[in-house]
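Worksheet: one structure, shown below.
Chain nomenclature is as follows: A, B, C, D and E, assigned in order of appearance, with residue numbering initiated at 1 for each chain independently.
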Amino acid sequence: MKALAGTRTVLAPVALGVLALALWQALVVAFEIKPFLVPSPLGIGGAFVDTADHILDAAVQTGLNALIGLGIGAVTGILVAILANALRVLDRMLVPLVASLAVIPIVALAPIFYAMFGAAANTGRQLVAAVAVFVPMYLNTLQGLRQVEPVHRDLMRSYAATAEQVNRMLLLPGAVPYVLNGLKIGSSLAVISALIAEYFGGPANGLGIAITSSAAGSNYTVAWAYVLGAVLLGTLFYGVTAALEGWSRRRRRT
Amino acid sequence: MTDPRPAVRIASVDKIFRGRKGAEVHALSDVSLDVAPGEFVSLIGPSGCGKSTLMRLVADLDQLTAGEIEVFGKTPEQARKDQDYGIAFQQAGLLPWRTVRANIELPLEIHGVDARGRAARSDELLELIGLADFADHHPDQLSGGMKQRVAIARALAERPRLLLMDEPFGALDEITREHMQNELVALCKETGAAVIFVTHSIPEAVFLSDRVVVMSPRPGRIKDIVTLDFSARDEELREDSTFYDGVTAVRMLLHDGAADGARGVENR
Amino acid sequence: MTDPRPAVRIASVDKIFRGRKGAEVHALSDVSLDVAPGEFVSLIGPSGCGKSTLMRLVADLDQLTAGEIEVFGKTPEQARKDQDYGIAFQQAGLLPWRTVRANIELPLEIHGVDARGRAARSDELLELIGLADFADHHPDQLSGGMKQRVAIARALAERPRLLLMDEPFGALDEITREHMQNELVALCKETGAAVIFVTHSIPEAVFLSDRVVVMSPRPGRIKDIVTLDFSARDEELREDSTFYDGVTAVRMLLHDGAADGARGVENR
Amino acid sequence: SSGDDAETTSSASGDAAPAELTPVSVQLQWLTQAQFACYYSALDQGYYEDAGLDVTILPGAVDIVPIDVLTSGSADFAISWVPKVLGAIEQGAAVTNVAQIFERSGTLQVAFADSGIESAADLAGMKVGSWGYGNEWELIAGMQASGVTLEDLDGGSTVQQAFDMNAFIAGDIDAAQAMTYNEYAQVLEVVNPETGELYTEDDLVVIDWNDEGTAMLQDAIWADSERLASDEDYAASTTAFIKGTIEGCVFAKDDPQAAADIVTAAGSTLGTSHQLWMANEINKLIFPSTSGVGHINEDQWDATVAMALETVNPEGSTIITTEPPETAYSNEYVDAALAELEADGVDVMGADYAPIEVTLNEGGE
Amino acid sequence: MRRSRLNGVLWGILGVLAAVAVWEGYKAIGPAEGVVVGDIVILPRTTDIAMPHTWDVLARLFEPVTRAAGADVLWWAVLQAAAFSLGIAALGWLLGVISGLALALLMQRWVTAESAVLPWVVLSQTVPLIAIAPLVRRWGSEIEIGSFQWENWMSVAVIASYLAFFPVAVSALRGLKSPPAADIDLFRAYAAGWWTTLLRLRLPSSVPYLLPALRLAAANAVVGTVVAEVSIGLGGGIGRMIIEFAATASGDPAKTYAPILGAVLIGLVSAGLVALIGMGLKRFRRAEVTA
């Protein structure tokens, strides 16, 4: 039964993926669609192999910014959530601000950050990613901190535990699954955000720049090879954080 | 343990819960009760009569509406801060990410006992509750009864002078329950701790207590107090007729004085 | 209700749970038991001996590994589809977004009973469980005992010929529990329903049952069956010596033949 | 901004439109602005209608590649820069440059006067801005011609420029890409904190690729090669469209203020002085014309192709690797249009063209 | 109850005021070139271009968009653009919610479908929108059925739904799987079919999971709408306004904040609308009420 489930979790998505790609390839071939309209999967694969070096370079640039943004966003998200959990007033004051932050599109946010932090540096990209991560991080952590069972709260109160002790021994450990879920959601957002922020400033390197400059020359096969690079990078981020979540869940046996 | 003051002094306490839409629940009305040091007092009564509420007031987990409570001559708040009591709830309330040992050590850790001291104490307690082999297990690997025992050990960890226990044996099966009752008796004798004990089981209350406080609901008040004066609490007592007399006395009070058919619907 | 076939026929049933990493739990081993129409059978035994599992097999909520089960001469699956039984779990399992009344009416609604019919039936049942005043409350406004009563009413809603009840009275206090026991007795007499009843309480099993099935764990098997032949199940019976004899008989079986050291814990 | 359908401005001014007008659409490469004054003026002044066309102008956007819109059949004509299209042609797009509306390049590299930058050679060691999106080729070609590689730049690559000039003004970029008609003006619309007045042209130095010899052909009208060959009506419409457009250009030359107002009325929210500046600068890219507006000069075309074959992008590849096919440009249609216009007495050369003086206001207001 | 909601609004306003105070406070004391450590600016520059005064931004709203005769006052232009984008975002949200729910149902119904589809659902969100937007527009333009003609705004709505469906699909799946095993057993004991179980058990119990997802989907739909407007060039909305106004970012920095305020407004309005839905579904959230 376990083996069956195992094959299913691996085989089923792969089968679906292969099927979709085959269909795509068949359509491109059957209707003789030109690569500058819709590139074929095989063409993209070929271009991916040919430009692997450049894709890797670009992915490292974008990935680094995403990683730094993920770090900044995660840490601030958790810290602010702890504060907001402790101070109801702060929590309520932050409601409209966080809701706003969640809807400010990157096209608007990135230029502001570049103006604030310099357009030749990567800071703006990292901050755009950080903001994208902050929102799910903050909301998830806050929800996690609030999932305390009343009996645990009573218990800590009966021990006259300090606020710091309650946070360290009860609230934070309890919130770990929520924090990790937030991190998981934030991870692929960080990649996408860092990538899109590349259009509005910073050094002309990275996956986003490469995608547009290839697309602008109608070289869609190469553009999609970079898109594939972006997908793989996003999947890597997601996979690592999802594995982290799974590992912690197993460790906690919940 | 020859404190002249009562361990707990409850004087004319009222507790009213104010719910949404102005709905009020009069949970406790004019409740007065003194618990002497080393005394074992059980609270018994139908569901919703305010047993848990009373215990929570003593533990400073809720605020009273009127009246006064003193714990070792101090306010409940001061007593809580001074860690004068240990508490065990009906739900075990173990932290799932801590091992059995770490759960037992939690209060010691919070109050700054060093690692050596903690380990020594938790070894003792694990022995007491018969879970020495499970020290490194996590709560989810324990049965309901085992969890409950861990929670009891945790309540005892700091050798409190006052133990507050809210239906701690509810989840145990019969044999384990008897064992834990015997252990509790031994422990109280040894440490001289006063106990306030909430239970639904009449025989349990009678077996354990110096006094059984019978409560009635709506609003919660003390209906009567049955004083029991057993010379020893051991297995023989469970067969003794004085024990059965105590059980009958409490049961009659609970059933509204009528020993027969009046075991009516309880309209909580 | 003069069906010649047994209500439930359990023949040499085995149930093995295959866990992760190939670990196996032999939950039931060679269990055989017939329940006659209108008969009240209790299952009792230590935690983990397979009581719930056996009941779930009868209800077609799990698949047996070996052996055979028939419910009114049909397969459990057919019996489930024909709605031949009503079931109540230990956890009340009420839907939180439905009122008390709507929860009771749930099975009727699923089986297409019209609104008038549903209302009439739920009125009766609300009366029976003494919660008429709470018809429009939601589960979170009820105490644990009240929830359990609603779950029982729900199991009775369709007047099933077979009732499966898994520790339905666990969360009730003594008085309510006795009341519900009396009601259940009356109900079975009235409808002639067969009952399979899981409980941890020996007096409860003895008071209610025609036969008490004592089980032992690892693997779960039937250790022995105590047949009780009371003329009437009323308040007098609770004080009667034949009742205490029954209790003692079951207790001895449970405590592995040792009669001592196990009394006075629970006499409900 | 204007209503929902502002981007599809149609000349079919209600019931007056005669039934025989041929509907055609043209895909611009950016938002509605005076860069496209020729087309909007022609539409507004009824030149397209006179030529028998019902023209729909489709404004562009960030991720819209006009040539793709053309080849996918969603537009009949597209406006795009030659080097960008050369890449697409090599990828298989069958399109033809039928009229080279801009004879000159409008792309500058702008620096502050005190930066020490005077020519492309000085860009080495500097932070150099670029938009990408295929707009970077002249810059790269110019640097390459002066022996400056991308690695020589501060940071080892160009700096990505946004739609604004903040990065340049804040000093994050030493030399920023700017179109004469847009970004250059944006700088001149900002208050210089040192003087309290707007920046002046004296505060800036520009590298003009026309002067450096690496200018490439910019805004041209592109048509579908296969349809040109097979569809006579389409070929006729092409000539008609070019004709109307050139008339629009002439109108804008003669009355830049009116042209600017037409564009604003078509839904542009650029400031009024900025819009006028743009209209005026556009005229300078068209007039005076060497061989009639729209006519593709072979030397310019060849120069652009030559650079496209040589200019190496950051990924190490050139725009194109082989010469474009014959069909890549054709003067057939534009010459026909020019002939008709000259017959009508329209001055398609603008030999005596003189630009106007435009005063920019803060923020382009 | 009403009072506490009012309180919430007041505190929210206070929060915005506090943010404004922090902004202006830092602008007053922070160095113009920002706080620089090494090469990196770690605290922002305080020039008017980088951080315009909040009151300048507000005042700008009450001036005309341009000096052109008959130009609208800025706030009105922003409001119109916001309403336009909100309409598209709402459609995108609806499409996203429907497809997200449909996917969740599919995955709940067949375990194999879940293992096959879920990874791709996750993967779909790692594809940058700029890669998809032009494709959607191009493929959309191929669609022409009778008098129906694909319009650009439909492409924008589709792209918005691409971002919106994700949280719905994932959370709805979790919600549909959330009923305790005992409840599932109960319905099985009633011999209730898949539909009955879905309608009476799974859907009601997924409400607490669904509501935050709907809110997230709304935020995503707004972002998707604006980005798609920019990407494929739909006029009339906030997205177009953002790039149009970017031209004046240096000369008239306050003006560039106006469409951002517009986006925030849409976000808050859509969050409010979802909250209304939440109130309508209140009875399914009883279990959520915590002590």
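Note that a residue touches a chain if its C-beta (ideal position, glycine included) is under 8 Å from a C-beta of that chain, and two chains touch if they have at least 3 such contacts.
Predicted model, so just to flag it, every value in this text is computed and none were measured.
> Tell me which has more C-beta contacts between its two chains, A-E or A-B.
A-E
> By mean C-alpha coordinates, which chain is most distant from chain B?
D
> Chain B to chain E: how many Å between their CA centres?
52
> Approximately how many whole Å separate the CA-defined centres of chain A and chain B?
Their C-alpha centroids are separated by 50 Å.
> At what distance in angstrom does the C-alpha mean of chain D lie from that of chain A?
Computed from C-alpha means, the inter-chain centre distance equals 38 Å.
> Of all the residues in chain E, which ones touch at least 2 other chains?
In chain E, the residues touching two or more other chains are 45, 49-50, 130, 134, 138, 230, 243, 246, 249, 256.
> Touching at least two other chains at once: which residues of chain A meet that condition?
Those would be 37, 111, 115, 118, 121, 199, 212, 215.
> Along chain E, where are the residues that touch chain C in the complex?
Touching chain C: residues 180, 182-183, 185-192, 196, 200-201, 204-205, 207, 283-287, 289 of chain E.
> Touching chain A in the complex: which residues of chain E?
My answer: residues 7-8, 11-16, 18-19, 34, 39-42, 44-45, 49-51, 111-112, 115-120, 122-123, 125-131, 134-135, 138, 212, 216, 219, 222-223, 226-227, 230, 239, 242-243, 246, 249, 253, 256, 259-260, 263-264, 266-268, 270-271, 290-291.
> List the residues on chain A that touch chain D in their complex, please.
Residue positions touching the partner: 34-37, 51, 54, 110-111, 114-115, 118-121, 198-205, 209-210, 212-213, 215-221.
> Quick check on the complex: what are the chain C residues that touch chain E?
Going by the criterion above, the answer is residues 56, 59-61, 80-83, 85, 87, 89, 91, 93, 95-97, 106-107, 109-111, 138-140.
> What part of chain E is in contact with chain D in the complex they form?
Those in contact with chain D are residues 45, 47, 49-50, 65-68, 77, 80-81, 84, 130, 133-134, 137-138, 141-142, 152-153, 230-236, 240-241, 243-252, 255-256.
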